[in-house]
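Just so it is clear, A, B and C label the chains in written order, and each chain counts residues from 1 on its own.
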Amino acid sequence: MPAAPTPGSRLRLTALLAPPLLWLTLAYLGSLAILLLSAFWTTDSFTSDVVHTWNTDNFHELLTTPVYRTIALRTLSIAVAVTVVDALLALPMAFFMARVAGRRWRRPLLVAVLTPLWAGYLVKAYAWRVMLGENGVVGAALAPFGLHGPGYGTTAVVIVLAYLWLPYMILPVYAALERLPERMLEASADLGAGAWRTLRSVVLPVVRPAVLAGSVFTFSLSLGDYLTVQIVGGKTQLLGNVIASQVTLDLPMAAALSAVPVVLIVCYLAAVRRAGALDSL
Amino acid sequence: MQTQARATTRTGPAVRLEAVTKDFGTVRAVDAVDLTVHEGEFFTLLGPSGSGKTTLLRLVAGFEQPTGGRIELAGDDVTGTPPNRRDVHTVFQDYALFPQMSVEQNVAYALTVRGVRKAERLARAHEALTTVRLDGFAARRPAELSGGQRQRVALARALVDRPAVLLLDEPLGALDLALRQEMQTELKELQRTTGITFLLVTHDQDEALTMSDRIAVVRDGRIEQTGPPVEVYERPATAFVAGFVGTTNLLRGEAAVRVVGRPGTYSIRPERILLTDPAEASAREPAEGSARQSAESSAETSADGRRTVTGRITDIVHAGAHTRFTVMLPYGDRLIVHRQNLTGLPESARPDGEIGLSWDERDAFPVPS
Amino acid sequence: MRKRKMSVWRSAAAICALLLTAAGCGSGNDDDKGGHAPDKLGKGEGKVNIIAWAGYAEDGSNDPKVDWVHPFEKKTGCQVNTKTAGTSDEMVSLMKTGQYDTVSASGDATLRLIASGDAAPVNTKLVPNYKDIFPALKQQPFNSKDGRMYGIPHGRGANLLMYRTDKVTSAPDSWRAVFDDAARYDGHVTAYDSPIYIADAALYLMSAKPSLGIKNPYALDQKQLDAAVALLKKQHQAVGEYWSDYQKEITAFKGGDSVIGTTWQVIANLTKAEKAPVKAVLPKEGATGWSDTWMVSAKAEHPNCAYKWLDWIVSPKVNAQVAEYFGEAPSNRKACAETAAPDHCAIFHAADEKYFQRVHFWTTPIKQCLDGRKDTDCTDYAQWTRAWTEVKG
């Protein structure tokens, strides 16, 4: 128990904490509450004006219309696929950065990984649109092997989202690997383990919470994305697109639809929390 | 602990280093070291921090590869062989236990890696834990253990599959004094019962002297002296060894001439000097014809080969079993004197008191400088 | 400590209540919808915020020669801020924000904006060029209510069928190419990403499946809507991507990701300008199309500049410029004398009312059938929206 704060420091602390707390309450929880509330309203189908009549039609429609289930499942699978791809890419990359590359290469490598975050989201997505197009470099690079580029569609969405969110996965994994004492690896080798065995028994258990922490980002960001899909998704539509198109016409329905990713993310966070990943955030 | 002989046939010493050199950039950590550790020996590399002793150990373990020279284990050239293919295990200074594994899993790791069946694995892990008196802790995590217990787990982990050589890197450094002394005995005992070659690295001369069959004193990447503890202590080959192993009074230049009677560098262990009554000392007649007094010498040699000198006590430190006196000699040098706290002292043995010092001429032995 | 916590929670509750009240105040009273038309104009406010279709408010940034925004700014001192919208739905939602003064609304947006009160009636006396607008465009159901005009007609045109001449070898003359024959261009068909595109399918069914009895592609009963949806689902298999952003369609045709699909003349022009081998045609079944109206927001902050813009955009010269650039028929009959291509008005049938009978202007489908049927209910836009989500799957 720390020493009791003096009245003056308490006042200061209150003054210091009040604005962010207020902001959190107002901007975040407040908007979430209104969003959820408006899902129980309805709209005038002609003028798109919100009609404040309490009903559960939106949720009823959401749960009974097969197309929404299809879209929700597709969105979920894409988010999972992006997370898996990012984890598979981030592990060797972060390992190289934290363990293989020399100390003076670490910073440049870290900067290189972070640089894409500084470029505009749309710029990157459109760059991928050009690369993945009919005459893009991806197709050209695969042509000699008798393969076609993925074109626009779900594969392209997974590729681009995985690219966009990769830094969010690499960073926690890199941090975990950097914290892993060199002695652990030496001890494992010393006791007769080869590289693969050491990776499996010593490195992965340490990295697992970090991967889960990174997956919170890749999963939730993928779940909410709708711009990348519009740019490289071809005719694919995800929850985000349906919400975006409904927002202009039927705000309450859009709100009800928004509840789906919110619920999915809450479930995911709960699952991940059990695995202890939130400790490394 | 299993005691049956290992399948490998031994054709050479447990560890042999031949002109091994290791550079880190422009820094030479190990400089052309030749070293032989015999099978079943408790061998210690003793040296101050930064002397290169840990690098030597890591070279043997395979964590570092030498810049030049050759390393042999049991006669096989292992230069360039990765650590996992060397029949040695290491007990790390910070133990390096795997935090996510239980004590049992930690101990059994070397067996798991080799694909030993689970039943046998567990049996041998428990055997190893019993050896270090930690049975009953198998299910715990390393974080739930005390420092001493972790140390034992690290030992059990390294001994579980009976390596040819056990490397110990300052294994007792993190323990408190009482535990350290207890573990010294235990380690020695463990080495004796298992018959495994121990190669220990330490900066603690007590540890080295207590446990080792042989000691190599390391300094600046080179070995200054190799030999049994008694020899290293009693007959240090260099002034550095004399100073580093045990406490010593080093006399060189004018001090040597005045006190020892000859030019050169001499070492006198503090416990070899006796405190005597100053009056008695000065009353002693110099022996006729023996050890002629040179003009500068302020000490005298008696007929029984003892030299005597008088000085003034400037400091007295009571250190448990013995008391440490600092005595200022008339011309300015100081001598440290250790005296067992057994019997009464001369009356003048008090701060600022005049005191006589006497030692056997042979206890002032020359060291190369 | 307990007391402090209580007060925090209490204030949080108060804030929430406040937010809810504010949100609840969204719907106004129905009586005073749409505000009033002004009797006379004042000085310009120095600024006007416009929602426009691509190509309607060009300031030279796409093509330095195509610029009627800067001359307007110079003449009136009203700085123009343009927001380009991709669909009518987007226009409606943008207008609801109240941050814009005027919008180039198509028929499927106009009625919704009038009904919701987001658009104000327009005093046509304050728009001198109104007198030269083709009479056939005045006082139409999609731009007026109770005999009052809610905007100034801008122009009209048809949605065309665009194709890559190098990939589509036999020149199509029917919408069949993107419906029943869509599989030929598997993965490279494109379509307009809006529920209103259902009307394109309905239009094709009018001639391809007369037994359905579709008279007006915006008046579909449930059975007719189902047929259109089934057709669109079939088309979906061959669709590479849908477009609502005109830039996206340009890059898709340029790169060859799309080779055939619905378009606007302006997009065809811009794609050609990018050196892509494309052609746009009006298929024999006729087409859906638009008749656009510049409306003024009921909450306009800069009504004077908005009126100046209305008059400017339908003035003969500018109206001619826009019509030629976008590829549509001008609304001002004097514009026909100002076009760079002397036969523009003839090509785009500016005065040819018979032609425009084949073009079905976008309008909002409502429950009451627009084709006059009384025996059945038609599907409304909300149903179309749901159907469209389902088509895209």
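Definition applied: a residue touches a chain if its C-beta (ideal position, glycine included) is under 8 Å from a C-beta of that chain, and two chains touch if they have at least 3 such contacts.
Predicted, not measured: the structure shown is a model, and the values here were computed from it.
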Chain labels contacting chain A and also chain C: none
Chain whose mean Cα position lies farthest from chain A: B
Chain closest to the middle, measuring from C-alpha centroids that were averaged per chain: A
Approximate Å spacing (C-alpha centroids) for the pair chain A, chain C: 35
Rounded Å distance between chain B and chain C, as computed from the means of their C-alpha atoms: 91
Distance from the mean Cα position of chain B to that of chain A, given in whole angstrom: 57
Residue ranges of chain A in contact with chain B within the complex: 181, 183-184, 186-194, 197, 201-202, 205-206
Partner chain A, residues of chain B touching it in the complex: 61-63, 82-84, 88-90, 92, 94, 96-101, 109-110, 112-114, 157-158, 161
Complex contacts: residues of chain C adjacent to chain A: 8, 12, 15-16, 19-20, 23-24, 26-27, 89-90, 92-93, 96, 111-112, 115-116, 187, 236, 239-242, 245, 248, 251-252, 255-257, 364, 366, 380-383, 385-386, 389-390, 392-393
Complex interface listing, chain A residues touching chain C: 21-22, 25-26, 30, 33-34, 37-38, 43-52, 65, 67-68, 70-71, 129-130, 133-136, 151-152, 230-231, 233-235, 237, 242, 245-250
